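We just call them A, B, C and D in the order they show up, numbering each chain from 1.
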């Protein structure tokens, strides 16, 4: 059964120094507030896993929480580059950042394999590209029936996963809807999980397109209204596109970013 | 875009002599009316694919439409045996029936691989059982990352798939809800598909838990109210448990069954 | 008594993979008596179903209507069963042997020309492989309790200790066979099932006579408690409502 | 003009995999002009989205609200893209070479110490592999149009004919590069991209100067039609609504 508590309790219980951790949410429902709490709790040495690192990982990387990034697309969606990510890769500031790079299809299948208790996934992917040469984690695999050669990627085995959802009930059953990305897979691929929610309600009324994670498959739940800002929670908030633009200016300059970081703490 | 027509047109267009065909529906939404139309159109030489052959395949097997059955559990759920299936296997009546036998997990993954355009699927399954010795279609596969040995099964590549759904709109978009089984996978794993529906409506109002198959992924749609009887369509009908009991008596005896068959035609 | 004993075997709060028939009845009895927080998972794709009557099939509408979540069948097996998220799996058997291997495929003859063709595997091979523990519920008779099954549909302990580990199976395997006469559990050293409980009114000789191998008896053999009035009345109510 | 040319490249009724930015604008323009039955698939999991304004991100709420179906991200790639169900994929590029190979990963230096770190692959490698055809939309400059890309993020025709087939790629590969100056298409024999259309007011010399390889010219070189009043007004309205 999921434990219901505060954001600070949830982050402390779920995200530990040195963890391989995923904060997921595909544009929608990105758990920004939990990311900020990780920065405040000075958690270090994280291997950050996420399909689209986005502004949330730009912040965690700039704050020095990360040692490695496993990802498939690292940009500020609709705006441009992630400057803290680039600064870490190109100039090792504030620390070197190891990269493991995949395609979306590869990452999605790695989550599925992790959620499925399998050591690897098979896909038609990466063929002809220079990506396999950069990692041990993309290998050929031969179909035992047809002889066809496909691509294998290892399962994501996460220490921890953090997602944001619209709501949970008092038993800790979690409900999310709209664009649901790979959030269910991230939680199921992780040893420990934290779900921040817009609200905790007496009963989860069914919603079309909703994904429900039963309480017994969830570690911790914390009510954090607005916890996805500047991303959004369908039915509760809209995306703060202006902040994504502003982030370009904040993050472009180390001093400007450092001021933002001090304000956060 | 899906073509909307009558049941007879749909069956004639989709299910051909010698096809590898799946009629899917997990207890719920079993396309019985379409199966009966296959019997009426005297379609022959079918390789019938289905996780739970159920009464619908007992009827098709008894009627002599099948040459092979690919399945994972062949019983009359809640009642007992499928007598036509047993008679075909044990006494080759009305014709010999070749069997290819899997577990539910294996069959479900074979559908997923078919829907995914992959030649095979990987699972933790069949280990230690006598099932792999009976078919070429269960083989070991080694994880290229961990060296662990798992099980591979080939994708189901279907010529045709037939399912029943609650409704479609006039563009041929299909909506089903409740227990949705492997129906989406069956349609996506097939070259040709037929969906019988309870009704055709102007607009598909969203329903919690619904699966929607877009028109451009569906071949043929036919309005067949009650087309799942004696199984059921949530929101439209309830399961006719008495018929499942009656089937035990009808199917137990070849003459009794033959009378049922004559009445059907 | 078999149903009551099966219900009692379920601890509160565990996640239980349920098939139709006796397992479903036992699980629903447990949810109303000793295990109110039991989580029922049906292979039709209903997680946390809370039916107020006994479902008549694994795809009964009452399951979807009362479930915490309804998912597709591939997800049941891949996301929930395979990774070992299910605590207890219930299985039936046409034949079971002294190492808890189960046959639901063919009896007699050979595979291609069997004497009796049974329904086959269904979800059982992976339930037997992946659940933390498996409870087998089956009526005891020499025909069902055999020295060696004709066909291994679901793997128990193979031919003895260490085989599950060697095959890489992660679940704990069969921990209990509940019959109409008593309860059998595997000997920790040999993995051979021995009698641990006699149901009320049953004599040891009855059980031995109903077993096709030379049945061992646990040194701790005890007698199952008689069904309570509450258990019986809940069971009657459940059956009446269906 | 780049947007209008991209919109015109979409035939009515096709299923189109759309990224944010110019491809999304072009696809939404096409849906309002020459291709009212265009099916838009966004990688965020919306099948058949019909936004009434331009979405600002790939996960804009308007996409889920107007879609025929909303699915998880793994399903987008596994059930819809991978099996070849998508007719047209739109891709951008930081670098593209004469064989239509695309780089969106790193420029200069080497992979571990690049001069410029770009966002990476996203969905592009599998879009390039699996769609029946790919349309690349990119501003033309010698820095972007290079003889050989620094890193192959998405495979076009490799180093020439036969390579896609040898690799077992099932999609048709890049069939069109639409730029701000004109349109390039692969020569059927060499797979090298040659200029097939000049946009209004652009001279051949301008295009050659903006290309980092010795650009070939199709014998059928023609001039793109000037954007119509309708195209321009729909485009203005789309942009104003966002």
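Following the convention adopted for this analysis, a contact is a pair of C-beta atoms (placed from the backbone, for glycine too) under 8 Å apart; a residue touches a chain by one contact, two chains touch by 3 or more.
Bear in mind that the values here come from a model prediction, so they are computed numbers and not experimental data.
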Least step count from chain A to chain B, where 1 means the two chains touch: 1
Co-neighbours of chain D and chain B - touch as defined: A
Whole-Å gap between the CA centroids of chain C and chain D: 56
Whole-Å separation of chain centres (CA-atom averages), chain B against chain C: 27
Separation of mean Cα positions, chain C and chain A [Å, integer]: 39
Junction residues of chain D - those touching two or more other chains: 78, 82
Per-residue multi-chain contacts in chain A, two or more chains: 112, 117-118, 123-124, 148, 184-185, 209, 211
Contacting chain pairs - touch in the sense defined above: A-B, A-C, A-D, B-C, B-D
In the complex, chain A residues that touch chain D: 26-28, 51-52, 71-75, 77-78, 81-82, 85-86, 89-90, 101-105, 108-109, 111-112, 123-131, 134, 148-149, 178-182, 184-185, 209, 211, 231-232, 234, 238-239, 241
Complex contact set, residues of chain C against chain A: 13, 15, 39, 47-48, 68-69, 78-79, 82-85
List of chain B residues in touch with chain A within their complex: 117-124, 137, 139-141, 143-146, 148, 150, 152, 154, 206-210
Sites on chain D touched by chain A in the complex: 20-21, 43-46, 56-61, 63-64, 70, 72-74, 76-78, 81-82, 105, 111, 114-117, 119-126, 129-130, 151-155, 158, 163-164, 167-170
Parts of chain A lying in touch with chain C, wherever the complex brings them together: 1, 112, 115-118, 173, 184-185, 188, 211-217
